[in-house]
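Think of it as A, B and C in the order they're written, each chain with its own count starting at 1.
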């Protein structure tokens, strides 16, 4: 039925390619309309030799043949793609609290932030490699405590945690201004009436700060 | 395979072999960590040429590349269970009209077929992923217009719409133009013709057609 | 399903010439019935009849075609086969076309029957072209029928890894905002130079005692006060004036809105 060995090779090649499972020599021969087993074996061996330098190999495993990716190219099947993402504001705050107060438990972080902290927020910091679990506090409940990592210092260009500016310095640079104030200063006047009113209050407050700073 | 494949060819080969969907040159280059597009193109062309005598072919359809079995081996590979959706005659004609006239509205399809199109007929083509809604025509009623998809070209082994069988001849003979346009073209600019003149035109037309058919 | 369907699905374009449906080869009524089921409308039937003339669609005889169609419909009606309305509409139109074509030219209306016939021919050509195109399309090497994709591709997986970004400023600002948000709020009122209501009352009463003439409110203010103290003094003095008026010790007058406010003692 199949003329020359080349034709048989082509047929074997196409059949194994389209097959959903590896095939034995017998199954191949049957599929090809009763080709000689010995000829199918020869065709397989010649094909395998021809494919050897290729990115695809024809291999026999447990008496069944199939195509697979060349082992040295297996990394192409699983690629890692790096995605750059900015830390959320919540995560940034939690990271800052850990940096300023380490070691610190989640309950302490929440009490400093004044809001609950989602589980995922700490996970992100652990994943980023900036925070680590630094043991447990020996108090009832033995809560996990968190600290920063050397990678944290490296990423933020700090020699040590002491390089972080103190509260007084923060105040001097306006970083202790209430959030609304700082936000309004950045965003310009609000559009709705309530916003404008808030801004008034905030600027009064700012004057007060200026006064105190004198 | 005379000369062994180079590293890029091996990588392209392995990637396309493993991929579950056809890949564009751009997607391949990105997957291979930013290879040069031009080099990927060369690798693809050389691979395709090397595979040409094989039972597996590397083909480009609608700007995307994939491996498939050689068409002449179809008889070996047809499965007992039909993998291909059997289209009704109506669906077949509607698909051809969309492919050769795209983008085309339902009314235009119906004017060619001289019969209303059942709702299900277009749905079958949309569901098969061969036709898509390509927007609306900016005429009164803003009818939806249909076009074919890359999957259509892939399925029917077409590189692009230019490869549609006979499309050049159909275009040249005006058979893709609406009846009104063809009629006006045949009748010339004269609005009212007497019978004798019409006769003349008709025979002119015949000569013209014969000429084109050469 | 009629033979036509089968041919269209698997047939080659070259088979078009043998398009001859069942009707030309078989004369029995059953075939007619089957065919009627297979047509995609009257234009489709006309096209098939035209093909049976075995000539190029550009050379078909419209008159012969009309006759064939009408014969066909008559036969179907004689057999009491149910015909869709559009077949009958087409039959009526074709009968009209035929009679017009046979009329002497002078009596022809506009559009002329030749024009109508030409339009019909053009439509048949277009439908024929698309039917042929469909057959050629279906005859191509189709994935899953003639060519096959890899049966069990490994698939390409892309694992996304996130690289988190944050800078020093955001970190420190974040901390500052936490502290500012949660710090207990302390409000301090600035120490401003003011004139109290008491001192204003004293000052206005004392100055009113000097004269019985009208005096402008501004004249009661301390002359060299700095602007902020002056504003405070103005407000306090105004309230003091109202208080004195209420007690019947002074009267107030203003001639126009926003005009100067004047003040005069009421003798006891």
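We take it that a residue touches a chain if its C-beta (ideal position, glycine included) is under 8 Å from a C-beta of that chain, and two chains touch if they have at least 3 such contacts.
Owing to the predicted nature of the structure, the values given are computational and were not obtained by experimental measurement.
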Original post:
What chain lies farthest away from chain C once each centre is taken as the mean of the Cα atoms?
Top reply: A
Subject >> Middle chain, criterion being Cα centroid separation >> reply: C
Original post:
Using CA atom averages as chain centres, what separation in Å is found between chain A and chain C?
Top reply: 37
Original post:
How many angstrom lie between the CA centroids of chain B and chain C, rounded to a whole number?
Top reply: 29
**OP:** Take the average of all CA coordinates in chain A, do the same for chain B, and state the distance between these two points in whole angstrom.
**Re:** 41
**OP:** Could you list the positions in chain A whose residues touch two or more of the other chains?
**Re:** 14, 17-18, 67, 69, 76-77, 79
Original post:
Going by the touch rule set out above, which residues of chain C reach two or more other chains?
Top reply: 148-150, 154-156, 158
Original post:
Any idea which chain B residues touch chain A in the complex?
Top reply: 1, 4-5, 9-15, 17-18, 31-32, 53-56, 67, 69-70, 73, 76-77
Original post:
Can you name the residues of chain B that touch chain C in the complex?
Top reply: 15, 17-20, 31, 57, 66-71, 74, 77-78, 82-84, 86-90, 92-93, 95-97, 99-100, 112-116, 154-158, 164-167, 170, 175-176, 179, 182-183, 186-187, 192, 195, 198-199, 202, 206, 209
**OP:** Spell out the residues on chain C that touch chain A in their complex, using ranges where they run on.
**Re:** 148-152, 154-168, 170-183, 187-188, 190
Original post:
Within the complex, which stretch of chain C touches chain B?
Top reply: 4-5, 8-9, 13, 38, 40-44, 58-59, 86, 105, 108, 110, 112, 114-115, 118-119, 122-123, 125-127, 129-134, 136-138, 140-150, 153-156, 158
